[in-house]
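You will see chain A twice below: alongside chain B first, and alongside chain C after that.
Moving on to the complex of A and B:
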C-alpha cells in the first residue's frame, strides 16, 4: 500500500518535474555554463573562465547599472508598495465610488507597457510635452526630463511606481480576510481609524505586504522595458540597467558576456529577495497567532 | 471463393495506390518561402514591394509562393533575425544592413552563398563595386540591393525666411547661417542622441569625418585627430541653440519630426525618406534642396554613401527546390524594371543597374545629382564599426552634449569599446 502511494506520488510529480527541468533547470544550467565562454552564438565556444565576469565587474557602466537596478528595487518596495497600501486601506473602508476607483487604478495594468512608456515619453517631451506645459502655467521652468542626467532616472521610475493597481488589488483582497469584529472592538475601545489601520490592519496583512514588496523589488531588479523604450539607457548611461546591458551584449553577438550579465542579475536578485524576506518577515509568527 | 474475391480486391487496391502515388511523385511540390519583411505598413516601399510579390506569386502559381511576414518595427526585426540565426533557424529570405556584423552571418552555414549564381552572369546586373563591397573573406552571402547616400536636406524656404540665399558650404558659413536662423526663431539643425544608433547625429559626424579626415579616415578608426576635430564640430551643433532642446534623448521621430514640421532647417537622412516627406509634408518637400554638409575641413563636397540593405537567403542545403526558388525570387526583385518601379514610388536608390531617367521625382533627381557630384564618398561610421561601438555612440554623444565629457573623452569612449 505504501509502495503504491509512493508510486502514485511520483507519477504525479513526473510531468511537473519534466516541465520544470526543461524550462528552468536546463536553461539556468546553460546560462551558467555559457557565462564562462566567449561565444557569438554561431561559431564554437571558447572557454575563458571568469574573464566575462571580470570584464563586467570592472566596467563602470555595468556597476552603474547595478546601482540603478537597486534604486529601481527600492523604489518598488518602498514607494510603490506603500502607495498601493495606502490606496488599498482607503478603498477597504468602501467610500462612495470605491468600486469605480478600484477599476480606474487597475486599468493601466491591462494596457500594454509599451503604450504606457510611449505615452509618458510624449508627456515628458521638453518642447511639446504636457508636463512642461502644465508647469508653465504656474511659472515653473520645464526640463528635458529624459535628456538630463539628474532627471532621467527619476522620470522613468515615476511613471512606473505610479501604477499601483496590481499590488493594490492584492492588498485590498487581503484586507477582506480580517474579521470585522476586530474593528468593532477597536471602535468600542475608542480607537481612531488611523490606530485601527496601524494596530489591526497592517499587522494582519503583513504576510501579503512582504510578498507584494518581494514582487515589486524583484521587478525592479529585472527592469528593462520602460528604460529601453524611453531612454535606451541614456543620457550618458545614466539610466542603464542590467537588463539593457544584457540586451546590448546579445545584440553585439557577445553571448558569453550576456549570460554572465544574466547570472549576476539572478544572483543579485536572489540576494535582494532573501534579505527582504528575512528582514520583513520577522514577527510573522506573532501576526499569525492573533488570527 | 469469398477469400479469393477479397484477395483480388486487396491486390487491386494496392496496385492502384502505387500507381496513384507514382503519379503524385511526378508532380512538382509547391514551394512556400517565408519573407519577414520590413517594407510593410508605413514604409515608402511597401506598396511597390507588395505588388511585385503578388505578381511573382501569380506568375509562379502552384510552384512558388512568397509569404510576407510583416515586420514594421526595424529594431524588433533585427533582433528576430539575430535570434533566429543563433537558434539555427534562418528565414527563407530576409534583408540585412550590411556592415561588420554581417560577418556573423557569412560565417554561418545557414546562409546561402551566391558566388556561383553570380558567376553565371547575374553579377553584371549590379553596379560596379557593389558586389565587392558585399564580399567578405571571398564569400558573397548577401546581395547588395538598396544603396543610399545621405546628403544634408536643406529647407530653402526657412533659409530664405532667415535672410540666407544659399545653403552653407563651409563651417564659417554654417555658424553665420545658424545665427540668422536662430534670430528668425528657426532651429538650425535636427539632431538626436537616442535610438539604437543616434542616426541623424551619427550621419552629421560621418560628414565631418569625411571633410576633415578625407576618404581614408576609416583606415584607423578613432586614431587620427580627425575624430576629435569632428567631435568638436558636432558639439558645436548641440550648443548655443543650434539644435532643438529635445535632441538629447530624442530619437528619429524627434529629429525627423522637426524637419517635417518645418521647424528645423537642416536635416540628414537617406532617399527612403523622400516618400515620407512627399506624403506628410508637401511644402517641406517642395522647399528641400540636398547637398554636402558644410565643410569642416579641407575636403569639400564629400558625400556619405553605403550599401543600405542587402538580400540574404537560407542556404536550404537539404532542400534544393527551396534554394532555387529563393534565387528565382531574388532575381525577380533585382530585375531592372522592378527596381525602377520601387525607386519611382518610394524614392529609394538601388545597387542594380536600372534606367533612372524614368524617375520623375525632383527630389530623387537631386539625390542622384548629389551622388554624381560628390568629390568622394565614404560610408557612415555605423557601417564600419562593431555593433557595440554603434550603441556607445549615442551615450558618448549625450555625455559630450551635456558637458559631462570633452570631445577628446568622447572619442576615447568610442575607442575603448572599439578595442574590446
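Moving on to the complex of A and C:
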C-alpha cells in the first residue's frame, strides 16, 4: 500500500513507540534476561544460569504461592464468572430496576483496591467488625478471619470474587446481541425459561464467557494488592502469592530472583490464558476472534 | 414453578445488592461513631452522635489535603498525556492505510494481557535512570503509559465508526494531515475520549503498587499510599481510620455518579465488539 502521508504517520507514532518500548517491550526483555543473574541493583550482575529458578522451585513458600495463585484463578473462573453470568442472565430479562441494579453492582469496581481491602479488613476485624457481630445474632461463633490459617485465604478471595460487577456488565452486554425472535420461537415451542437460558443464551454468549473466564483467571494469577494489604501473606505464609514474593525479593534487593519470579508469573499467566482458550473454545471459531 | 423462580431471582439480586453496597454503608456509619467501644456495642445502627470530628482528625493527622492534591494532579496530567498519545495512535491506525498497521495494533493491544506487577524491577530501574524516582512525574508517565493499550483499543474502535466523508470534505477544503486530526477527528471523538479518559482517571486515582514502588517521601505521596500509611497511625483509633477511608472513596463515587453511563457504555462497547 502506498500512502503519501507516511512521514506524518510515523511522526504520529513516535510518542507511542517511545513509551511502549520503554514500559512494555524493554521491561519484558529485561525481566526475562535478568532472571538468569545474581544482582542486588548496585554491584554488577553475575550470570548464574537457572540457579534463581532452582532456588524458587525448591522453596516451599514459593510453591505454596503458586498453589494459592491457582486457587485464586480457579475461584475467579469457576465461582466469580458463573455468579456474574447468573446475575447477567437475570438482568437480561429486564426485571424492575435492572438499570439501577447494574449501576450499583458495578460501583465497588471503581473504588480503589486499597480502600476495598481496608474496608474488608475492618469487616473481618474480630473485635470491631460487622461479620462477627452479624454471626453472633444467629449464635454462630465468630473467627479471627484473617488471622487463622483455615479462614484467611477464603476470606481474601471472597472479598474479591463476590464483586461481580465488571464481568456481569460485559456478559450482560453480550446478551443484547441475541435476536429476540429466538426466544419468541422457543416460547411458542413451549420451552421453559431455564431451558431457554441453557439452550439459547449460554451457547450464544459462549465467546464472551470464554473471554471473561480468561480475564478472571489471568487476574487470579497476578493477584497482589488485597493480600499485601490484608495479611501480607500471613498467617504462616498461608495466603502468600507470587506477586508478594516478587515484591519481597525486590525489597530485599534480590533482583535476579525477583525477575525470575516475574518470569514465572508471566509464563504461568500466559499458560492459563492459552489453556483456557484451547479447552473452552474448541470447535468455536467465534470465541477466537475475541481478543 | 414460576413463583419459585421469581423468588430465587430476587434473592440472588438482593444478595449481590447487599454485597455491593452494605459494606460501604456500614463503613460510613462506623466512621461517625464515637469510639471503638461504640463500634462493639452498636455494630449496625446509626451512631449515637454523629462525630464529624473523626473526619477532622483524619484530615489533620493524615495530612489528607496535600495527598488529595497530589492524587488529583497525577490523575489529571496522566489522563491528558494518555489521551494525547493514544488518540494520535488511534487516529493513524483507524484512518490511514500503511504497512504493518495490523501488527502495531496487535502488539499494543497485547499489552492489556501483560501482568504489569512482574515489571516491578525494570520500572524501578528505568524511573531511577530517568532521574524521576520519588517524583509525581514518574507516576504520571507510568500511569499514562500503562493505560495506552486500553485507550488505543477504545479510541480506535470509536474513530473507525466516524464516516470517511467528513474527512474527505475537509481534505477538499484544504485541510492537511494534522488538521484532519485536530479539526475533524478529535472534535468528533469527544465521547470516545471521555470514556478512555474516565478509565485512565479511575486507574490513576486508584493505583497503589507503582506508587508504593516509585515514591518514598511524603511530598510525592498519593492518597492510596496515604491510606496504607495512616492505617498504621490510627492503630488504636478505628473510627478516624474509617473516616479516612471514606474520604478517599468519595471522589470515586462522585465521578461514578456523573459518568456511570459512560463507563458502562464503554465496557459494553468493548464487549459487543469482542
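One rule holds for everything that comes next: the second predicted complex is superposed on the first by the 260 of 291 C-alpha atoms of A that agree within 3 Å, B and C clash if a C-alpha of one lies under 4 Å from a C-alpha of the other, contacts with A are read in each partner's own complex, and residues count from 1 in each chain.
In this section, a residue touches a chain if its C-beta (ideal position, glycine included) is under 8 Å from a C-beta of that chain, and two chains touch if they have at least 3 such contacts.
What you are looking at is a predicted structure, and each value in this text was computed from that prediction instead of being measured.
Student: With chain A superposed, do chain B and chain C clash or fit?
Tutor: clash
Student: Given the touch rule stated above, what does A:24 touch, chain B (first), chain C (second), both, or neither?
Tutor: Only chain C; A:24 stays clear of chain B.
Student: Could you tell me if A:233 is touching chain B, chain C, both of them or neither one (first, second, both, neither)?
Tutor: First partner only.
Student: Of the two partner chains, chain B (first) and chain C (second), which one does A:252 touch, if any: first, second, both, or neither?
Tutor: first
Student: Does the superposition put A:74 against chain B (first), chain C (second), both, or neither?
Tutor: Neither partner.
Student: Once the shared chain is lined up, is A:148 touching chain B (first), chain C (second), both, or neither of them?
Tutor: The answer is first: A:148 touches chain B but not chain C.
Student: Considering only the touch criterion stated at the top, classify A:127 as touching first (chain B), second (chain C), both, or neither.
Tutor: both
Student: For A:202, is the partner it touches chain B (first), chain C (second), both, or none of the two (neither)?
Tutor: In the superposed model, A:202 contacts neither chain B nor chain C.
Student: Of chain B and chain C, which one touches more residues of chain A?
Tutor: C
Student: Looking at A:101 after the superposition, I want to know if it touches chain B, chain C, both of them or none. Which is it: first, second, both, neither?
Tutor: Second partner only.
Student: Need the overlap of the two footprints on chain A, from chain B and from chain C, as residue ranges.
Tutor: Chain A residues touching both partners: 41, 125, 127, 250, 255.
Student: Considering the complex alone, what residue numbers of chain B touch chain A?
Tutor: Of all residues in chain B, those touching chain A are 78-79, 82, 85-86, 101, 104, 107-108, 193-196, 244-250, 254, 386-388, 391, 394-396, 398-399, 401-402, 404-405, 420.
Student: Which residues, counting only chain A, touch chain B once they are in their complex?
Tutor: Its residues touching chain B are 40-43, 55, 125-127, 144, 146-149, 152, 231-237, 248-255.
Student: State the interface residues of chain C toward chain A in the complex, per the touch definition above.
Tutor: 1, 5, 9, 12-13, 16-17, 19-21, 23-24, 26-27, 30, 36, 39-40, 43-44, 84-86, 88-89, 91-92, 96-99, 104, 107-109, 111, 113-126, 141-142, 144-146, 148, 152, 177-178, 181, 202, 205-209, 213, 224, 227-228, 231, 238, 241-242, 245, 248-249, 252-253, 255-256, 260, 263-264, 267-268, 270-272, 274
Student: Would you mind writing out the residues of chain A in touch with chain C in their complex?
Tutor: Chain A residues touching chain C: 1, 3, 5-6, 8-9, 12-13, 15-16, 19-20, 22-24, 26-28, 30-31, 34, 41, 83, 86-87, 90-91, 95, 101-108, 110-115, 118-120, 122-123, 125, 127-128, 130, 133-134, 162-166, 169-174, 176-177, 192-194, 207-208, 211, 218, 221-222, 224-225, 229, 243, 246-247, 250, 255, 258-259, 261-263, 265-266, 269, 273, 289-291.
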